[in-house]
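Some structures are shown below for you to check.
Below are two complexes that have subunit A in common, paired first with subunit B and then with subunit C.
Coming up: the complex of A and B.
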């Protein structure tokens, strides 16, 4: 199935909650935008519907798009062999999202990474913690306005430049 | 030798105690492996048959409590820094550190301008004796680093008066 067919199938059930997203470069129709409030129902529908049957969450991608944050759900159906991208916009200042772990268990680790890198809090996540960064890390490194720390646990982040007599001519 | 001449059988050797202790120390270095990135693979090569670090008396050691030397091979992140410090503090005196590769030396590819999470040089956490440059260094370079450390140990003073001792307990 093509993305246009998925769109028609979803539009029939959810109406205004979804909208098409044209690719900026090639003009191809590759992702479907979803409103945040009805996201959980859309995801459950994608997993359960017999003509869609998305049984595998291949990836979750978090993006800082400047004005807003975005999350792309990349869904794969291993049984029917088709894929779909769902795109959701999140408010930058109060970034809250429903967790998708009840539909696909794979979302647990993707959401941990997005939460610590972009600062999006996933409501209902079973084990909210830091995955890669230290527990007491401040700030969200993959946001565009992130500034590097000056020091961490009294380890200075910068290194003094080499003095001139130590550099080669 | 004056009065000592012919006073002992021929298998008795005279030397300075410093040199005897240093000779023992430099030729039985047990090193703690800390493979943090691709440099670790080069360090594994050194222990293999082709480069064979054991001919210089160095043997790998899994416990820091039995180690004399720590080879920091790879990128040190801020999360790893406290662990490295803890491992270093478990090592008995005298203890030495070789920093292997650009990342451990100064942050290298992930230096402070480009990465938020990398410590720019392991010498910001623990004192380093020998820096081995390279990205990653060849196994020969690490062997040269070990030989440099051995020369350094050979030149150190062991028996010194307490008031001349350094902060770390070493002369």
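Coming up: the complex of A and C.
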């Protein structure tokens, strides 16, 4: 199945909650936007529908896109051999998302990572905690406005500002 | 009546059942594990954040450190994603060299995994045998690219050095040497009653559980599901080569137990050897690299690539704003998803089986943490 057909199937069931197909660069990475409020139902539909059967959540990608934060759900159907990317935007000031762990257990750890790296809280996550970072780490490192700490438990660390030019002299 | 008491026990962070620092906190009642919780992050280096400060080409050596037992695959997946985004086509010869290097790397990684699993069960000699053979792969890589572990060999648009006559000859020699040696591993381990007894019906993972948890690679194939990125979504020249995808058949009792995972790895070495031989036979003449502009900028947009690393599906998502450095790089590593299996699999098992199960999962700490 092609993304066009996925889009039609989703739009038939969810109407306005599905955004048009996003294809910036000629078919290399095609994604379909989904409204956050309908996300849980859309994901459940993707996993259960007999013509989609997305049984495998390959990846969850959190991105800081400036105005808003985005999450891409990379779905794969192992039985029907097709893939789909769903893109969801969330407000960066109060980022809240429904947890997908009831549909795929794989979401548990992806969500933990996104939560600590981008500060998105997942509603209904079974065990929210810091995964890769220390418990007392401040800030969300993968946000674009993150400032690197200069001190952590009396370990001083100063780094050179990001070089503007990478050319050789 | 005596009060029920449980004991919390830490397995790790320095434990040989995981390669790299990795802790499992288990709650035990006597000899039985009640719950297990993985604690990771000891090796977190923030590679995805580092990528945002690096140039597109300059980031390549960092990908080595994601999984240092399968560096070629980490190099490759990043190169494939950037190539897809910027419409660079690596020459045919480079594609074959990538397959050869990738499969050699898979053999080295699987040998390490088989050896360390046996080592955890007390079979010291198997590890030494495995290291002996892995050393030969390392020597081959040294001829190929000068490095023995972190190769930094695959480049955007090709590979960084061509194969030499000496390498091709030695690679053929190695394949002829390795295939008969697999019988030695089978005699030493796979047909050894003590070894089979320790692995049989231990850590049984059902195919549906594995898929729901996002687990791939030898674990999901050990559970009987024929899923291999090389077959399902072929990359490089895998669609031109012939190979089988071995799956677990429950030879020692139940499908999806630790023994099935062990056998899948042994059989994959055989398949990898055959793939290397085919790729060496078909190796076309020509360029091994395309020339990139001195200051390389990937065009604006997004791309995604997946490869089959020794531990499963390794993917990367890249996003570009048309600048010299990536806007976002996100790696999907196979060992990370294995953590989802812990609550279900490490439950009601004896402590002695925990190392067996962890060893058969072949978890790579640097890959979990990135």
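Side notes on the structure shown:
The working rule: the second predicted complex is superposed on the first by the 154 of 169 C-alpha atoms of A that agree within 3 Å, B and C clash if a C-alpha of one lies under 4 Å from a C-alpha of the other, contacts with A are read in each partner's own complex, and residues count from 1 in each chain.
In the analysis below, a residue touches a chain if its C-beta (ideal position, glycine included) is under 8 Å from a C-beta of that chain, and two chains touch if they have at least 3 such contacts.
A quick note: this is a predicted structure, and the numbers were derived from the prediction, not measured.
Once the two complexes are laid over each other on the shared chain, residue contacts for A:61 go to subunit C alone; subunit B is not touched. Once the two structures are superposed, subunit B and subunit C can be ranked by residues of subunit A touched, with C on top. When the two structures are aligned on the shared chain, A:141 is found in touch with subunit B and with subunit C. Residue contacts after overlaying the shared chain place A:105 against subunit C, while subunit B stays out of touching range.
Touch criterion met: A:28 reaches subunit C, while subunit B stays clear of it.
When the shared chain is aligned, subunit B comes close enough to touch A:149, but subunit C does not. By the touch criterion defined above, A:158 lies against subunit B but remains apart from subunit C after alignment on the C-alpha atoms of chain A. Applying the stated contact rule after C-alpha superposition, one finds that A:81 touches subunit C and leaves subunit B untouched. Subunit A uses residues 132-134, 141 to touch subunit B in one structure and subunit C in the other.
Contact residues on subunit B toward subunit A in their complex (touch as defined above): 78-79, 81-82, 106-107, 111-112, 116-117, 119-121, 124-125. By the touch criterion stated above, subunit A contacts subunit C in their complex at residues 24-25, 28-29, 31, 55-59, 61-64, 72, 74, 78, 81, 83, 85, 104-106, 108-110, 113, 117, 130-134, 141-142, 162, 166-167.
Those residues of subunit C whose C-beta lies close enough to touch subunit A in the complex are 40-41, 44, 46, 48-49, 53, 55, 58, 84-85, 209, 211-215, 225, 227, 232-233, 295, 299-304, 306, 313, 315, 317, 319, 324-325, 328, 330, 332, 336-337, 339-340, 369-370. On the side of subunit A, the complex with subunit B involves touching residues 132-134, 141, 146, 148-149, 152-153, 155-159.
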